[in-house]
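Structure first, then comments.
When the chains are written out, they are named A, B, C, D and E in that same order, and each has its own residue count from 1.
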Amino acid sequence: MELTLTSRILYSLLGLFIVFNYGLLQSGVMRKIVARVAGRYGIPVYQSYFDIIKNLAKRSQITHGIMFYLGPIFRLGGGIGLFLFMPMIFGSIYFKNFSFTGDIVLLMYFQFFGMLGMALGAGEAGHPNSTIGISRGLAQFTTVEISFTLAIIAIAIQYQTLSVYNIVAAQQGGILHWTLFQNPVATLAGMLSFLGIMRHAPFNVVMAPQEIPIGPPTEYHSTYLGMLQSNRAILHIVESALFMNLFFGGATNWIEFIVKTFFIYFTTVFVGVVFPRYRVDQSVAWFVKVPLVIGVLGVIYATYIN
Amino acid sequence: MNITTIVHITGFALILIGFWGMLTQKNMIKIILGLAIVETGVQLVMVAFGFIDGRTAPILDSAVELSKASSLIVDPVPQALVLTAIVIGVAVNALMLTFVIRLYQQKKSLSINDYKDLKW
Amino acid sequence: MELQQGIFILMGLAMIIAAVLAMHVKDLISSIIAVGVVSLFASILYLLMQAPDVAMTEAAIGAGLSTLIFLYALHKTKDVEEEND
Amino acid sequence: MIKRLIPLLLVISLFFILLKVATNVAPNYDLTGVAKTYAEQGASDLGAMNLVTAIVVTYRGLDTLGEVTVLFMAGTGIALLLRRKKKKNDSGIKNRAASEILKTGSKLLVPIITMFGAYIFINGHLSPGGGFQGGAAIASAVMLMFLADSSFKINHKVFVLIESFSGIFYVLIGVLGLVILGADNFLDNRILPLGTFGTILSAGTIPLIYTLVGLKVGTELASILDNMKGELE
Amino acid sequence: MVNPIYIIAILLGLGFLLPSINKAGIKVTVTIFFLGIIAVTAISYQWLSAFLIDGQQAVQIFTAGFKPPMSINLQMGLNEAVLITLINFGALLGAIYSFKYFAENGIQALVVFLLFILGMNGLVLTRDIFNIFVFLEITSIATYILIGMDLRLKSLSAGFKYMIAGGIASVFLLLGIILIYSKTGTLNLDGMIAAVSAAGSSQILFVGVFILIFSVVIELKVFPANGWALDVYEGSDTGISAMISATSATALLFVLYKVLPLASIDLTKMIVIIGVLTFVVSNLFAIMQKSTNRLLGYSSIGQIGLLVFVIASKDILGDNFEKIFFGLLISHFLAKAGLFWLSGIVKAEKIQDWVKIKKHPILIFMFGTFILALMGFPPFPSLAAKWSLVMILAENGSFLWISLVILASILEVLYLFRWFGYILKLEDSEEKVEKPQHQLHPVYIVTLLLYVAGFYITRSFDAGLSINFIPLAFVGILFLIDFLPVYIKNTLVMIAVSYYGYILVPGLDTLKLIFALIFLVGGILTFIPGYSVKGKRIGFYPVAAMMYVGLIGLIEAETFFQFFFAWEIMTAGSYFLILRGKRSMSHALSYILFSAGGAYLILFGFALSGAETGSILLTSLSEVHIYATMVFILLALGFMTKTASIGLHIWLPGAHAEAESDVSPMVSAVLLKAGVFGLIILFIAMRNNDVSNLFYILGWVGAITALLGNLIASFQEDAKKLLAYSSIAQLGYILFALAIMTNVGWLAAIWYSITHFLYKALLFLAVGAIVLKLKTHKMYEMGGLIKKMPMSFISVLIGIIALSGVPPLAGFGGKWLLYNAFILKGWYFQGAIIAFSGVVAFLYLFKLIYSIFLGPIKDKHRKMTEVSVWYLIPQYLIIATLMVLSSKPRMILEKVGLYFKEILPENTVVWNGDAASTFVNGKLFGVWDPFYIMIIVCVMFAVLLGFLLFASRKATKVEMFNIVYSAERPESPQTAHFSYNMFSHYRKALGFLVLPLVTNFWNFITDLFHSSSDFFRKFYNGNAQVYIMHIIGFVVFFYFILNGGIF
């Protein structure tokens, strides 16, 4: 049974709404946890809502030009697009979104949609530090992609498909069918790149507020910032969902979805608390060493062990 | 040892001496002299190739019976060739000497080592 | 015909000696004369080899004229030198 | 003495090449090939007693024409290279006055030598010698004049004319063969009757050609000597 | 028919006559002189036309009324007729050219020149060995006199050296003649040849023939016995050098041709070696040469060496010998004479000084014609000849010779094109070139003749009949109308390209159609900016048209020869185009070196294939089995020089970056596809020939090329260089995709070819226009131009999105196809590299757009305006095309897929509506619905934009302020721009991958050649006595080799 286009759009928007709220709450929870680990009290879990509402409602706005304008649009478009092109709940015709229009390759490359726009927008702002931030972010992101690609190749070998929906389908039937157990090496490679993608410590180069007073997000304010924050909320969940789909068997309902994505995201926070931060050249070098080797092993594993 | 061989050896010796001179003498006139000696040697060798012991010159005068001429005379062809070769050789040597004269006029030297402006 | 061969060998030796002299004498005039002598002996050899035409040519042009031209050239290269000294 | 060593090596190497020839030459005992044909047919074909002349002037006439050309060109070249500035009235080599004996002797000898030269080339088809040898004799007569009289000068205009026209006639005689006898008869001596074997006026054009060659060679060699003698600019 | 004897009679008679009519005045003398030469030229031409048109048979002309061997005979056949016509006509031109030189030296000079011609005619005609000696002496003595008669020290010493060498050669010749005569009893060549071959082994004959042939070879100035010859070329008057190089060398070559049948097989082989050696060594020595005439001398000697090689290989070459020989000879003859004459007109001692002809387009045109003719570029006779030579050599397995000939040809390319570069690119000099008309006319004539000869000789080869000369004629017309203003020529060229496309396109299959469209549409698009140029733009249109003619020729080619012909036209045209750039000298040189090298490899490959299959059809490549690996490697390497795969890429960045703004898209977006087209043809033909290992290797090469290209691009500061490196990487993708050899892989390759054409043309046009406007390539000197040039900004934005492969634009299609292709193929690691390099592309793309358009604007650019509309028009046409293709790729890809289905049935793409999907064992593998994605992204974008517009409707516009560096004023533009060294951290981590190893390698190679050239040419130390040693050493060395020892 296929949905009509209208209902597909409506269900997608519903899904988006869920993910958005979940993302805001989750970030609050995470910040709380981190604060507690650090011995602070921390913010309330609903703080993110306040932030967004405040920013969207702010009046003092300036613009640097057309690209500055377009940056947040690209960014938020990137997040929403990623959501739209990915099946959220396996087996549900309502929440597989528009995933039939593309496969994992589309998702990989659509990640860049937002990044590129953001980078351009920030570039037009003209602040020197934004450029530095972008160059670092781009540099790190490129190397993160190595292990991610290798992991995806391993998965494609294993399941003989690139379609995310089919990948999830192939992992059904018990926890041991998850990629995590089918190909632990590739999963490790994938998760390492996930750390890089989420840019949490130790790979939090762009966001490093201590080192560079202003990265791209802080150059933007009010509505722009609101859009960017919305995007972050969505993107975190969608990225987690992507990894969930790829490595952890996907989710058949929203509960499973929330639990899995929470823990996947939590790993990044955990690692960030445990490990010190890298300089960008170090992280670039690290990604072409360790995750690369693991990714290669993952592909070999997929080719020969299975 | 027959005469042809003797003359050949003489001719070859002249050729070698001439070349030796051309290779070792620095004076340009001497180099030309060396070439002249080589030429003389070659001409000797050429004529010797036509020589047949005991025969007369290729002139069919009363001493030579026309019908048996081919068994009485030496080979006239090398002689004809040498005739040409001698004249040409002298002509070339004379021309070379004029070059030497003109070269000398420019640098006041007859040494071949002094004319190395063109090289590489 | 031992005699004939002996004459040829002697002439040949004479030519070789003259040629070596021509190449090794320092004095250019002697050198030129020596080459003339080589030619002259050659013309005698031609005569002995039943080549009178060649012999005449060699004597007149090879030994005579050629030597003269060499001498003129030598003269000319000395002459200029003297003028400039 | 590395400078001597290389020439020595080269000459020794050449020696081995020539040695190979010397050791392998067997003396001839009979005429072969074209020489045999010449010996057998030369007299009847061309009517020349001197086979060398027959070969030089007719059978291999093109070579001889070339030879004349070479000499002519060498003369031209020497004149070109040793050209003098115009209007410089030089007197040739700085002279010592020639001895009286030489003067008288040469006055006596010059006509004789010239005659002898002419004899050689006119009789080229009968006896040894021919145009080149005769020409050389004429040149040596001129040479003697130089020696005897240092102010002696050859008449260039006449010489040039003789040189030119003897050459042109030579070519024309050759071309006459083409005209009269056919396409394959350049320089054929038989455009004139062969005459009686062994007489002066025999052998077709050979005496004529040798006369022209003699004149040409004589004047050319004389010019070369004259040029070599003269002062430079 | 006039008896050829009359040639001799006329020349000789006039030679004798001239001195005596001196009195009649110079006018009469000169008139007679010229009439004489004209008469003999007419006679020889009469014979030539009789042979060519009336089918006249060769005739023997006897002298003295006797048959050989008794008398001397001449032979007049087709070969002789061609040669004496060439010689006499060349001499006529030479006489016109050198007339002043003669007049200065007196009437005797005219006489000597007449006899010089006589000697050469005699050498060609005579069939008697001793007669050869006589004519050789005539020719040589005439040459000595002509050289020495101006009495300069240089010419005298050169002449003296020549005389000594000539003296030794003639002594050897005499010795050889008498030795052979003593055994054969004849002097007639034909008789001698018969007798020698009948005689069996004889030591005397052995030595005789050896010495005879070596004396001729010495006269031909072969290495190493040729030091004197170089001095002669350098020291003589240029008019005389021209004659020595052209006419007398021709006559001497024919002498070698005549006497060579005497030689044994071993001796002939030795001559082969000597010829090749001369060709290689002369060209090697030439590369360090700075003196014009000596350089020409080296080149002459090299060419003669090649011709000696051809003559000695006569038996191998068989029926084609004459065509090859004459093809090479005529090219050399006309071109070298022309070059020497030009050199005399230009009067430039050093080749660098030739820059003074920069302002004389006609001289440059003629110079270019000559060097192209020497190199064997189309349409000159040498192309077909070299082609045929290599083909036949390959048939005989003479691979070593082919390699050496190719090596030497590349060296020749190096110094000739470097010279050409000097002319166009060095600082202009103040000196003026006087152009004496009587000296120029001969040069005009030989230039014209080269084209005529090229047409006829090319068509005389079987392979050449199929060449379509009409487009070339169009190029020729463009040269003629080059005085017209740009807008007329531009329109004309565009109409011509369109018209040609209109004729061509209907008959093409899918594959050819795509490439034809790339070339044709690319042509039209890249010509549009030409309207912005004012003035005449001398030289641009002919060479641009030449390049497109070549490209289209590739599409039309059915045979190897057509393909090679077109390839060389394209190479020549593109070289001249690239050379037009401002600082392009060294880059154009390395471009032509690699291109020529690649072309020779292609030639070699074709030859091997032809040798095995006996066919020259492109499709016959599929039948190659024995040589399959070699053929594949050679051809692939050849094409990869054009696609600039890693290792062969170093020419590209400079060439593309330094080219003119509208040339860069031509050479980058369009020209590179020629290499791709070649690879596709090759791969299709040879897919079943057991070369799958090579495909595997090529896959890796493609992947590494892609990675390194993108990495290096990220570290560039020069906008056009960045794009150039990006092209290298993109072509790496294409190579990789092709090497996969599956249907989807080839879809990716084709898709990349099309899209790369579009977005690279777009980017190069946009950036090129900006560069033109800003007058700088350096990105750190730009910035903040978005407000000044919004249209350009949108172009670049679209361009980089398309290039980076971000959905929804067309670039993503390539990525998707590629992922499917390599995973299905199982090339995981190469694929990963490709994927990674795709990501690296983001770095430089961001850098590009950021540095140019974003950030603070430079003060000096505050009043900048949008670029010329003529540059924007093609950009927006491309954008429109890109948009359509991005949403509806099925239009093209489905057809392509079907077309390749028969060739490559594996892994096809299935279309469902607009959606493409791939299947494995009937299960869905990958899916891509470009139209849907496009709609989704657009809607989403529109919604968000609407929201933002609504939310920030009251936003204040602020200007960017200058950044103040606390109390420090930045001194250099680099430090004041954030994009300078933008990815330094990246370089720190991955810089080891981009060490300039390849550049160092090629530098090492060129240094090696240059230093060895410089070292070994000291061999010619200028001492005549040493030259004597060379000659004698040369003879004895080869004698001992031939003899197998000393005894």
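By our rule, contacts are C-beta pairs under 8 Å (C-beta built on N, C-alpha and C of every residue); 3 or more make two chains touch, one makes a residue touch a chain.
Just so it is clear, the structure is predicted and the values come from calculations on it, not from any experiment.
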Given chain A and chain D, the chains that contact each of them: E
Chain closest to the assembly centre - both centres taken as Cα means: E
Between chain B and chain C, centroid-to-centroid distance (C-alpha), Å: 11
Rounded Å distance, chain D centre to chain E centre (Cα mean): 54
Whole-Å gap separating chain B and chain E, where each centre is the average of the chain's CA atoms: 50
Separation of mean Cα positions, chain B and chain A [Å, integer]: 99
Junction residues of chain C, two or more chains touched: 51-54, 57, 61, 65, 69, 72-73, 76, 80
Shared interface positions of chain E, touching two or more other chains: 130, 134, 137, 141, 144-145, 148, 151, 179, 182, 187, 1029, 1032
Multi-partner residues of chain B (at least 2 other chains): 2-3, 9, 15, 19-20, 23-24, 43, 49-51, 53, 57-59, 73, 77, 79, 83-84, 87-88, 91-92, 94-95, 97-102, 105
Chains that touch, pairwise: A-E, B-C, B-D, B-E, C-D, D-E
Interfacial residue positions of chain E with respect to chain A in the complex: 784, 786-787, 790, 793, 797, 800-801, 804-807, 812, 815-816, 819-820, 823, 826, 828-829, 831-832, 835-836, 839-840, 842-843, 845-847, 849-850, 853-856, 915, 920-921, 923-929, 932-933, 936-937, 940-941, 944-945, 948, 951-952, 954-958, 960, 963, 978-979, 982-983, 985-986, 988-990
Chain B to chain D touching residues, read off their complex: 2-5, 8-9, 12, 15-16, 19-20, 23-24, 49-53, 57-61, 66, 69-71, 73, 75-77, 79-80, 83-84, 87-88, 91-92, 94-95, 97-99, 101-102, 105
List of chain D residues in touch with chain C within their complex: 50, 52-53, 93-94, 120, 128-130, 132-133, 136-137, 139-140, 143, 221, 224-225, 228-229, 232
Residue ranges of chain B touching chain E (in the complex, touch as defined): 15, 19, 22-23, 26, 28, 31, 35, 38-39, 42-43, 45-46, 49, 77-78, 81, 84-85, 88, 91-92, 95-96, 99-100, 102-103, 106-107, 112-113, 115-120
For the chain C and chain B complex, residues of the former touching the latter: 1, 4-5, 8-9, 11-12, 15-16, 19-20, 22-23, 28, 31-32, 35, 38-39, 42, 45-46, 49-54, 57-58, 61-62, 65-66, 69-70, 72-74, 76-77, 80-81, 84
